[in-house]
Structure formats: C-alpha cells, structure tokens
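Before any comments, here is the structure.
As written, the chain order gives the labels A, B and C, with residue 1 at the start of each chain.
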Amino acid sequence: MSAPPNTARDAILGRLKAAPGRPGPDLPPWTPPTYADKLARFRQMAEANHAEIHDVTAANWLERLATILNNRGVGRLMVAPGTPRGDALLRAAAQGVPLPTLVPYDQSVEVLKDALVHQVDAGLTGTRGAIAETGTLILWPTAQEPRLLSLLPPLHIAVLEEDTLHDTLAAVVRDQGWAAGMPTNALLISGPSKTSDIEQTLAYGVHGPKELIILLVRKEGE
Amino acid sequence: MTITNLAATNTAAAATPAARPDTVYFFGTCLVDMLYPEAGLAGMDLLRHAGVRVVFPEGQSCCGQPARNSGYVEEAREVARAQLDAFPGDIPIVVPSGSCAGMMKTHYAHLFEGDPDQPRAIAFAARIHELTAFLVNVLGVTLADKGAPVTVTWHPSCHSLREMGVGDEPKALLRQLANVTLVENSRERECCGFGGTFAVRQTAVSTAMVSDKLASVRETGAGTLLSGDCGCLMNIGGHAEKVADGTRCRHIAEFLMERCHGG
Amino acid sequence: MVADGGMPPDHGPRFAERAPDALNNPQLRRNFRRAMDGLMAKRAAQFPDPAYWAELRERGAAVKARALSRLPDLLERLESRLTANGVQVHWAETTEEANAIVLGILQQAGARTVIKGKSMVSEEMHLNAHLERHGIEAVESDLGEYIIQLAGETPSHIVMPCIHKNKDEISDLFAEKIPGLERTGDVDELTAAARRVLRERFANADAGISGVNFAVAETGTLVLIENEGNGRLSTTLPPLHIAVTGIEKVVETLDDIPPLLALLPRSATGQPITTYVNMISSPRKAGEKDGPTAVHLVLLDGGRSRVYQDVELADTLRCIRCAACMNHCPVYTRVGGHTYNAIYPGPIGKILTPQLQGLDAAGDQPHASTLCNACAEVCPVKIPIPDLLVRLRREAVRPTETPATHLPVVKDGGAERSWTESLVWAGWRLVYTRPLLYRMVTRALAWGGNWVPANAPLMRDWTKARAKPRFKPRTLHDLARERGYLNEVPK
C-alpha cells in the first residue's frame, strides 16, 4: 500500500529532522512508593476520592449488593452478561432473588442508547485491580463489559478483588506488561464524576456517575 | 534541552560547610553604591566584627543583571567580565543582595557560554555568597542585642529565596536579638512587584503588587520592614513613602549593625 | 525604557495597557486571588516531601526532554502504531489546515452536531467558530468551557477556564440561557442543570472532539485525563471521535506515563489523580458494543517545529499544561487570564505565545514578568521559564538567526528593537566597564542625581506609586575608603 502524498507530514517531519540534534538525557532513578498495608492505603485514598467501600466475601457479595440496591431504591441495574458477576446476578434474578430490574448490556450502544442515557439507575462492572497509592480502580472494558457501563448510569458499582491491589500505576504497568497489548480502552477510575469549575466548589455527578460504590471482595477467612 | 542547567536547579546549595576564611571580598552592588551606601557599609562592618578582613575592590560596579534582564546580553557580559577582573583572589565574595548574588551565582555560566572567560566565570560564581547566609552558615556569628524593644517583619527577595536558596538564615539572625520581635507577614514569599524595568514597564501591575505587599506588612502591626535586597526596599519603601504609610523599610545589615554595635 | 522607545506600531493594546481594566475590577481580583490561593495550598499539600518531589520532577522533565530529543522518530512511530491500531492520523502545519482536516472528516461523516471535551489546541485553532461557519454546531461539555461558551467568552485559565467568574455570575448566566431554569445559587443545582442539558447533547452528537494529554508512541495510545466524565463521554458515546493535539505531546513508552500522571494533576489542581484517566488505543473492535467506530488524530504543528529549532527555546515544548505556573504567578493572580489576550496566559503563555505568534504580536509579553522565579519553582517538568523570558527579551531586540535559513530564530525577531534603548545600554556598558569613568559618573549622580525631576522619562512611571529614590552624597566606594577598608587583598 503506497501512502498518499502528505505534504504537511513531510514538511513537519522534515523541519524536525533538520533541527540541531540534542542529546536525550538518561532517565534518572525514580522510586514510586510502596505500601506495607496496600489495603489500608487504598481504602483511605478511595474514600478521600468520595468512593464508598463495602467489604464483602465471595459468598455474600450478591446478598449484600441486593441490600445496598434496595436501600438506595435502585429500580434498574444494568449488568454485563458473559461476565462472572453479571451472569451470577442474572441467574439469581431468574431464581427469584429480590433484585432491581436487570437490564443486560447485550446489544450495541446504538440500540441501547436511550436506556443507557435515560433509564438505568446503576451499572455494575468488575475491575482488573486497583492502585493503592491513589485509591484508583483499573478497568479494561471488553466486548462483554462495555465502556459506557461505568459511565452513563448515575451509580457505578464496581467489584474489586482484594488480591488484585497494586502499589502504584508504575508497578502495575510494568508487572503486567501493559505495553505488550493495550486494549481498545483502558481506564483508571478514582471516585465519582466531579467538578469544581464553579467557584472551586466540589459537585459530584456532573456528567458521569454521582456515586461510586466499591464492593471489596475480601479473601476468605479474614 | 539540558536538564542540568536550569534556573530552578541552579539554586545555590545552601550552607556548603566552608572553612572559615580570614579575608573576604565585598561586592557592594550598584544600587547600594549610589542609593543605600550605609547598608553596604553596615554589611562590611558586620563581617569585620565577625573577625574577618574585608576587601572592597574599587574596580567593581554592577553584576550586569539590569542589561541581561532587558535582553542586552552582550552588554551584561562585558560588565560581568569587568567584575571577574575586579575580584582576582580566590576568596569568598560576599554580596548584600540576594538578587545580585543570584545573577552572579546562577547566571554567569550561561552568560559566558562560548566565551573564553567561561571557566573564570564559573569559578567566580562558586565564590559568591549572600551576606546573611554567609554570616550564619560560614561565620556562625552570634549577635548581642543592645537596642530597645521593637517589632519587625521580613521580606525575602525572590532571588534570595529561589536562586540563592536563602531560607531561614536572615530570620535566624533576627531571632538572636533579644529585644526584637519578628512577626511574619502573610505573603512573605510573594514578589513585591519590583522586577527592575518591570516597575516602569508594567506600572499598573507593579503598583498593585507593591500595594498588596505593603498591606500584608501593615497587617502585622510591625512598624519596620527588613529585607536583604535594596531593589525590593526601594520599591516597597518608595511606595510606603508615597502613600505616607509610616512603615520603615531598611536593609537587614544596617538594622543588625545598629542593634548590636551601635550603628 | 519604553516611553520613548520607537515601539513598532499596530500591535493593538499591549499588556500594560490592558492590565488596568482587570486591576480596577475588584470582583475579578477577588475571584482570582481566592482561586489561586486555594490552588497553591492544594498543590503544596500534594508534595510534602521535597526529596521525593525533586526525584519525581527530575524524572518527569527527563521523560519529556528525551521524547523531544527523538521527536520526529517518535511521531513516526506513533503514527505507525496508531494506524496499525485502526486510528487515522492526520498532520497539519497550521491551525487553518487543522480546521480544514477536522471539518473534512465531519462533513464526510455527515456530522451536524459535535460534542467537545476540553482541548486547548482546539482553542488555539478557534475550531468552534470555524465549524459554526460551516454549519456544524460544536458544544463544549466541560462545565467550565460550557459556561464560557454560554457567556460568549474565552478561557481565562488553561485548566479552569471559567475561574474568572464567581457563582453569582454563573447563576445569572444559567437563568438567562438555559430554558426553564429558575435562578439558583446552589452549585449542585447548577451542575445538575448543566448535566441535563449536556446529556441530550451527548446522546445526539454525531461526533466527539477531544484533546490529548499524552500520546504514547510505543503502544499508539492517547491518554486523556479529566474529572467530569465529559471527556470519556465525548470519546465513547458518539460514533466518531476526533482528537486534536500538538506534536509535542508524544512520549516514548507507556512506562513514561506514570511519572507524568503523578506530576500533572498534583501540580494542576492538587489532586493525587484525576477521577478519570482514559487511555484510548483503537476504535471499536468487532464484537465490542460501544465506542466510536472511527477514531482520528490530528497532529498540529502550529509553529512548534520552529520552536524546536532552537535547543534552548525548545524547552518550552516540555510543557504538560498543568497551569501551576499561572497559579503561582503574582502577575497572573492580579490580572487574570484575559489580560494576556492569548490562548495560553500566565508564565507559560508569556514564553509560548511570542514563539507561536511572533514577537511583533506578542513581544511585550516576556516583559510582563518580574522574573520572580515562582513559576520555575513549581514547574513539574522544570521548564526554566524566567531564563526563556530573558532569552525572548533578547530575541525581541537583538535577534539571532537560524544558520540554515538565516531567518530569525523567533518569528519577527527584533520587533521591539529601539535605538534609544540600544544607546542607553551601550552607554551603560561603557560606564560600568571602566572603573574610573564609573567613579566619575556615580560621584556626579551623588552630587546632582536628586535634581532629576519626577516627570523625567522612567522617573515619571516610577513615581506614579513611589517616592523618588535618593542618591546619597557619598557612595559606598567613598565610605569604604573612609572607613579604611582595603582595595585589594594584601600580598
């Protein structure tokens, strides 16, 4: 395939290449922080980010979620079929467990736009892990668990496994080799949507979720 | 694209423990020479009282900062070269101004880039000390207050803070004085609005800045503002005089001499 | 040195002439002072350990400097990775070209309405106006940008665009412009009203346009940070996403992102991290249910490759647009962003605008600074802003030229040249390099300097707010001799 002539490209690159060379510095050492108690740091920072954390277990998470949803009067919860948590909820609902109306994100946004933008009260996603330093959730949306599920509903509920905590973004990017294969969209989420554009006064939910609830799945026996 | 050669990193390492010299040069600065000579003299007297011999070379004039900051770099370099010639001995050069000291310490290397005198300029820069930091960190002076009780507030110049890395030293000297109460003003680290030609090029902004600075001084209730830089003093003091505010603005060297050695 | 200086004509009101408008507006002064005091305190709280701050910013500065040292190579790698990922890359030499590219993409897609995430490069392009001239409606969705778009204004700050407005002004504006909204002074209600209006805009937009904070060459990833979620919406909900960015935003590897992310929000708003970090590497893939089906990146030069020619001035291109320099600038704090009459206000603008627009248009900007170094002290990528201000002052009066082209290094170099000023400094040099002459002149001033009238050039400006400086009858040179100080070190 021959590239079409692109004069702007050639001119810009030509000027840059003709410029005097300059040595690139070596990267000086930088030691990102580590935490003896990652969970404590995560909890502190996530709560400072205005996230609400509920400790659950693999056994009771669904029951606890049902209570939370009920207490908040959530009428319609959007879930991701094909993900473990989404499927568990759909099964539970089918078995008659009292849950809000589940809206599966099972078609394209073009089909579901109205429900997403206007109708659902909450969206439930998993997470790929979290970052202790900043109280940040890591999400890599997938075909099963799309991008907007964590963004359009006014309440975002994210399930986080305790053993997926990392010290810092630097550590997780390096340890998991992110550079070898980035997804369509990788997200770091630290709290609900917020703004302080009006007189530096914090207000939540300006465009995205007004609330972020983290279901922290603790390791058994703790 | 050099990362190592930036203004922000050029901040002189504060308090490199130097051996106590028996002789130092004094660089009076052009502003002190003509407008505040008593401040310069007080600086030299303080050094003499601390037991060092002070040499004031007659060939000195100006660090070159006014021309450099106006974009006239060649003129600045030639005047700077005259200072290299005026201070030939390998002994510390003490300066009663953080701004002039900052010019010589942090900008001479760049000013002489590509010039055969650059090694000389770098060696010269390494010998530069701001007066109060020198008194505290190198000479370790102790002061005995003989004056009546007075309340003062402190204005650090931007270049003493951010080029010379002078922090607590002048305030440490003032705290040694038994009858002097030091009250900090709320915007201590903020520029007074002098900035050399800025004061006349940007009169309105400069006036707003100096007026805020004086207001923060007034809030402290201290009748006296001390500083280590005569540019700031000319600006804040000139404004205080213009608005008949009554605040006395003085160079710290003069104040210390008067309190401890009767002027 | 200004009053008589043979200033070039036709540059419009200069900074010094515009400043009084802002200075005489007490509400504006209060709004900025309050906001900047808050931002400074919040930033300081994020860097409690000076040693860690020093280590982190060394790393951040080096990451950007290394990327710039390999800029053409990284841009080519970025282009090839993005292309492989399915993102279409476009190059624009000028803002006009960039506008034409964006318009062309939108027209080809049949787009009529666009929702925008915050982008300073799109401000640089005056993109909204361009699109509107061609019948495409562009709605800003960042709350601050939305507010100033409603008000028909321009951003006064690069991170908090409507920081010049207080709540009352915004309450009035919303009541006037948003149909059916009762005037409210409640920030939550104002925010909710904006959400309602903009939700519909998002749902119906044919395309989303955004900026980019960092573009990663290694992976072909666009990194966008924000708190509101409007950036994610703009880049996810509409079927078409166009990102616009300057060529200097590229970094080499994904590992370069963490240190920059650790610096940017902390420096900008005093947050450890923004609510969202949105990393986009491709359009919607087969089977995926949302995300735009087409993603474009427009790389804008807009004068940057000229800045790049000079190794010293190119440090300007390290900027990550955190705005810490303006938050800490005593001049910006007093006059606000609009006084600069430029897209990028504050210290970074004072070095960037003259380089992008030329010294004829903006040669006064480098002088709107006391060189107090507050900006350099907080810059997370260690741009030596005061040194570059001085360099630009020099280029304005005595331009250096690029060896290859013989053009001034900076556009319109020499635009502020003045014979009067040159003569003054030539005379100054003469006097200050000759000790005997210097002694004669200073003695003459000691004798007669105080007779200079208060309305003499320069003195006139000085004495507007200050008493005349007083020459003393005896100089320090005189006093030193009288007091017996030595002239030279004894042998």
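Quick note on the criterion: contacts are C-beta pairs under 8 Å (C-beta built on N, C-alpha and C of every residue); 3 or more make two chains touch, one makes a residue touch a chain.
Note that the coordinates shown come from a computational prediction; the quantities given were computed from them, not determined experimentally.
Visitor: Going by average Cα coordinates, which chain is farthest removed from chain B?
Guide: Chain A.
Visitor: Can you identify the chain nearest the overall CA centroid, using each chain's own CA centroid?
Guide: C
Visitor: Any idea how many Å lie between the Cα centroids of chain B and chain C?
Guide: Centres of chain B and chain C (C-alpha means) sit 31 Å apart.
Visitor: CA centre of chain A versus CA centre of chain B: separation in Å?
Guide: Once rounded, the distance between the two centres reads 53 Å.
Visitor: Counting only residues that touch at least two other chains, what does the list for chain B look like?
Guide: In chain B, residues 1, 3 touch at least two other chains, as defined above.
Visitor: So which bits of chain A are touching at least two other chains?
Guide: 22-25
Visitor: Which residues does chain C have that touch at least 2 chains other than itself?
Guide: 58, 62, 65, 68-69, 311, 314
Visitor: Chain B touches which residues of chain C in the complex?
Guide: That would be residues 1-2, 15-16, 19-20, 23, 58, 61-62, 65, 68-69, 311, 314-315, 330-331, 334-335, 367-374, 376-377, 379, 382-387, 390, 392-398, 421-422, 425-426, 428-429, 431-435, 438-439, 442, 445-446, 449, 458, 461-472, 474-481, 483, 485-489 of chain C.
Visitor: Inside the complex, what are the residues of chain A that reach chain C?
Guide: Checking each residue of chain A against chain C gives 6, 8-9, 11-13, 15-32, 45, 49, 105-110, 112-114, 117-118, 133-136, 142-143, 146-148, 151-152, 168-170, 173-174, 178-179, 182-201, 203, 205-209.
Visitor: Considering the complex alone, what residue numbers of chain B touch chain C?
Guide: 1, 3, 6-9, 23, 25-26, 28, 30, 32-38, 40-41, 44-45, 53-62, 64, 66-75, 78-79, 81-82, 86, 89, 91, 110, 158-159, 161-163, 189-191, 193-212, 234-235, 237-239, 241-242
Visitor: With touch defined as at the start, can you tell me which chain C residues reach chain A in the complex?
Guide: 34-35, 38-39, 55-56, 58-59, 62-63, 65-66, 68-72, 75-76, 91-93, 97, 141-144, 147, 160-163, 166-167, 170, 187-188, 190-192, 194-195, 198-199, 202-203, 218-221, 227-230, 232-233, 236-237, 239, 247, 253-255, 257-259, 261-262, 269, 272-285, 287-291, 299, 301, 305-306, 308-309, 311, 314, 404
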